[in-house]
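I am attaching a structure below and will ask some questions about it afterwards.
The letters A, B and C name the chains in turn, as written, and every chain counts its residues from 1.
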Amino acid sequence: MSADVELDGVTIRFGDFTAVQSATLRINNGEFFSFLGPSGCGKTTILRTVSGFLEPSEGKVRIGGKDMAGFGPNKRPTALIFQNLALFPLMTVTDNITYGLRVRGASRDERDKRADELLSLIALRGQGKKMVNELSGGQKQRVAIARALAVEPQVLLLDEPLSALDLKLRQHMRNELRNIQQRVGITFIYITHDQGEALTMSDRIAVMNAGVIEQVGDGKTIYDRPATAFVASFVGENNPFPGKVLRADNGTAIVETAFGALRGKIAGGLKPGDNAILFVRPESLRLGQGGADTTFASSVLNVAFEGNASHIFLKGPGKKDITLTVGRHDGAAIPEQGSAAAVSYDPDLALVLPEGKLASE
Amino acid sequence: MSRFFIFLIPVVVIAVFWVMSRYEAKGRHDPTRKSFLERNGTVLGIVFIGLVAFWTLFLVALPYLYMVQESFHPKLPPLKRGGPDDFLTLEQYRSFFVEPSSGDWNTNHMSAFVFSILASVGVTALNFAICYPLAYYMAQAGTAQKVRLLMLGLIVPYWVNEILRAFSLRLLLASKGLINQAIMALGISDTPIDFLGTDTGLYVGLSYAYLLVMIFPLYNAIESLDKNQIEAARDLGAPWWRIHKEVVMPYAKPGIASGCTMVFMLSAGSLAAPLFLGGPNTLWFTAIVYDFFFQAFNWPRGAAYAFILLAACIFFVMAMLRLFKVSLGETIR
Amino acid sequence: MSSKFVMKGMIGFYVFLFFAYLFGPLLVMSITAFNTPNYPQAYPFEAFTFDWFVKLWNHRAMMEGLHNSIIIGVGVVAVSVPIGLAASIVMNQIYHRARGLYYLVTVSPVLTPGVIIGISTVIFWKDMMGLTDVTKGLFYKGIVLTILGQSSFIAAYCLLIIMARLQRFDRAQEEAALDLGASYPQVFWHILLPFLKPALISAAVIAFLSSFENYNTTTFAILADKTLVTVLAGEVRQGTTPALSALAVIIIGFTLVGAIIYEIMRRREERVAADRARAAREAERQDLGAGALAVQAA
């Protein structure tokens, strides 16, 4: 059994501080949905509001169409996986997993049976009698998941569950979680500050900054067509060229930047004279001449070889360097450090967005 | 004035705080705020509040207020209480200074009071001097096991009742006791030294009684000091007495204040040691209070004297805290 | 360096002296319990005897006192530990401006001289219970008053002990339990109490021992009854007999046994914890080595 989740104008204030500003979105039944953003952006606050630990100052939270106001965390059809897992150290693995059943009055036999099923699911068959602090980090992670699944929630909420694991394990667990979600079929709401996780695992992503949801969409949309300067700079690497709009028509605009007039696509809403930023991704830049309004000149500051790609750092319009990424076998010649270079790009791959706060480095 | 007036005081205090908290809650919306009953379940919440109310009101606040109030009444047989002869008076407090029957200065009681306080201060200082080195040693001694054994070694004597401990000291210090036997055998003196009659026994007994109470706070305070600081001071060439004076002691101030406070209060309020180890001329203030209750059945006067004792203790504690520049919260650890 | 050696020697000597000071009188007293003379004497040691222990056993007042002491001890534990628990929970949740006053009121019995607690308890409850003849008959008894008077400060000890543990409680566990559907009472019984168990046991033991050996408060509150300690005080006042030394030996014996049991239990606990930590490290190593951790198809 799964359900959809609706946030309807949800605002959450702590005294004078607004943690979440009028969030409105709909998470579909059976979807793997992520909230992505830097620390302090409000994603944990939203998660805790959906799970029932916070009441919104304004707005409504609906699960499966039902208004959740006044329902405490123990009465909602949600289960939360905590960042530090919060397993019960004084109970065995089995007792941990079946705790939700215990408080619903299930008998010992029922609980043992269900524990066996779930232990098989998470590949810890036969380890039920162990105490929690005899397990490794990855095993504890899986016990936490099993514990949440045991109560058959309609929505599973995950609070940055992979942040404490080391790199290889993290990558492995990404696939695990995705598999589990697809097999169990319930709605997952996942929060993270790691865009790699969000992009690889989610059906759709909401990018948040300072309490505001900046954009909601699937991975490709967020990456290729970010709606705001923040999203453009937060998700993946991006080179910003701030300036003023000279012309805007037919879906393209020309922006007067420190490197001259440059052309890019726009989504609409920008007029000549507006402040704007032209964004081009590192992999969309090429060495060499291009069109008059799609080329600029700079000098090479540094070159870094990273195995499957090389990153060329060029002097940028402001404090930030321009990054140009060349694949290992792209065939391009890597320039010398200190040399002058002409850089060009395909205007369809450049995006002009209204001025806004960028993600900090 | 009805004796039951004191019930109003706690009720008013609680009401004031309750109103304040309601007012504050209405002002700012806090999404996490849950009322006490919500947070703990109704039944449990009521049980908790009930237990705490019973304790703070009926076992602590009200008896104390009642005693204070009682000290302002004259001594009356039960039938006359509440009647026309019953009125608020300072006569009990005055009796501390002026003997009611004779009109002379009550030198006995006043000197007993001063003696008790001064002796307690002295005992506290002595106690501190004895305990500090051991506490320091324990805090730096290293392995948790060694420390635990030392702790046990300290605690075991304390579970022997304080009366028995006083008794054991009396045995040792009596004229026929072991110490005098040794002194005479070694030829230091021809006649037994009267430890008990000259209050020496009392001092020994009092400092002996409360060693544990001083050691624990000292140990806790010193133990949390980063050993690297001491190492650094030593590396810089500071002699050991300076290390203690300028590094360890200032850091351990809350522990020192806590230990000294507890020892002083226990010592000033002590009954057993003065009773069994004091000489025939020793008049301990707390024993005077005891007598008012059990010999003279003069409860109001006993209550007044008890309050005077308490006031002295509180004054001492405040002075200590001010002297050491420590707040009350830090000392109770 | 020789000065460090001298320092170590001096410290060692000091520690020895300290513990000699602490244990010496008790040791001497213990010896007198086995010595025959009527006056407790350690030297010269005349003849070995158990007589004094027998006399102790036959001392009716002392046995009655012992009986009362145990009853009072149990009563104090039954009252103080729940109060301490409730008080520590309230302490965490009380209106923040009231917290200072609350702390003051709850901790003040620890600092108040026992004499004053005893006096105030008797004065207050005599009048309270005297309100009706029924309550006076039922409750105005030495044992009840002593339990009440001792509980006032022993509950404060329990509060401090339990609070120290409560402050280390991971709130996330409470939230996890709630999230899984537990009601608040269930969280209390399933999660909080098991966590607090060590503190509750410590508090109960300390409460019982503090109650058993209390004199200052008890001597006022016990009215006409007696406890072991008040009988003892009476005996010591009147004179000295080795029977009292015998009592001391028994008490010391109990304490030593208690201390040994405690040490054994502690060592066992440490061993279990070390085993578990080792198992966890093994598991971590296996995780990293194996690499692929397959989740079975359901």
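We adopt the following convention: a residue touches a chain if its C-beta (ideal position, glycine included) is under 8 Å from a C-beta of that chain, and two chains touch if they have at least 3 such contacts.
This is a predicted model, so every value here is computed, not measured.
Chemist: State the chain with the largest centre-to-centre distance from chain C, centres being mean CA positions.
Modeler: Farthest by centroid: A.
Chemist: Highest contact-pair count belongs to which two chains?
Modeler: By contact count, the leading interface is B-C.
Chemist: Report the chain closest to the protein's overall CA mean, measuring from each chain's own CA mean.
Modeler: Of all chains shown, the one whose C-alpha centroid lies nearest the global centroid is C.
Chemist: Averaging only over C-alpha atoms, locate the centres of chain A and chain B and give their separation in whole Å.
Modeler: 60
Chemist: Averaging over Cα atoms per chain, report the distance between chain B and chain C in Å.
Modeler: 18
Chemist: Return the distance between the CA-based centres of chain A and chain C, expressed in whole Å.
Modeler: 54
Chemist: Residue numbers in chain C touching 2 or more other chains?
Modeler: Residues 183 of chain C each touch two or more of the other chains.
Chemist: Would you give the residues of chain A that are in contact with at least 2 other chains, written as numbers and ranges?
Modeler: 53
Chemist: Considering chain B alone, which of its residues make contact with at least two other chains?
Modeler: Counting only residues that touch two or more other chains, chain B contributes none.
Chemist: Which bits of chain C are touching chain B when the two form their complex?
Modeler: 7, 11, 14-15, 18-19, 21-26, 28-29, 32, 39-43, 82-83, 86-87, 89-90, 93, 95, 97-98, 101-117, 119-121, 123-125, 127, 148-149, 151-152, 155, 160, 183-185, 188, 209, 213, 215-216, 219-220, 229, 232-233, 236-237, 240, 244-245, 247-248, 251-252, 254-256, 258-259, 262-263, 266
Chemist: Quick check on the complex: what are the chain C residues that touch chain A?
Modeler: 170, 172-173, 175-183, 186, 190-191, 194-195, 276-277, 279-280, 283-284, 286-288, 291-296, 298
Chemist: State the interface residues of chain B toward chain C in the complex, per the touch definition above.
Modeler: Residues of chain B touching chain C: 3, 13, 17-18, 20-21, 36, 38-41, 43-44, 47-49, 51-52, 54-56, 58-64, 66-67, 70, 130, 133-134, 137, 148-149, 152-157, 159-172, 176, 178, 181, 208, 211, 240, 261-262, 265-266, 268-272, 275-276, 286, 289-290, 293, 299, 302-303, 306, 309-310, 313, 317, 328-329, 332.
Chemist: Where on chain A is chain C touching in the complex?
Modeler: Residue positions touching the partner: 51-53, 72-75, 78-80, 82, 84, 86-88, 90, 99-100, 102-104, 120-123, 130-131, 133-139, 147-148, 151, 168-169, 172, 176, 179-180, 183.
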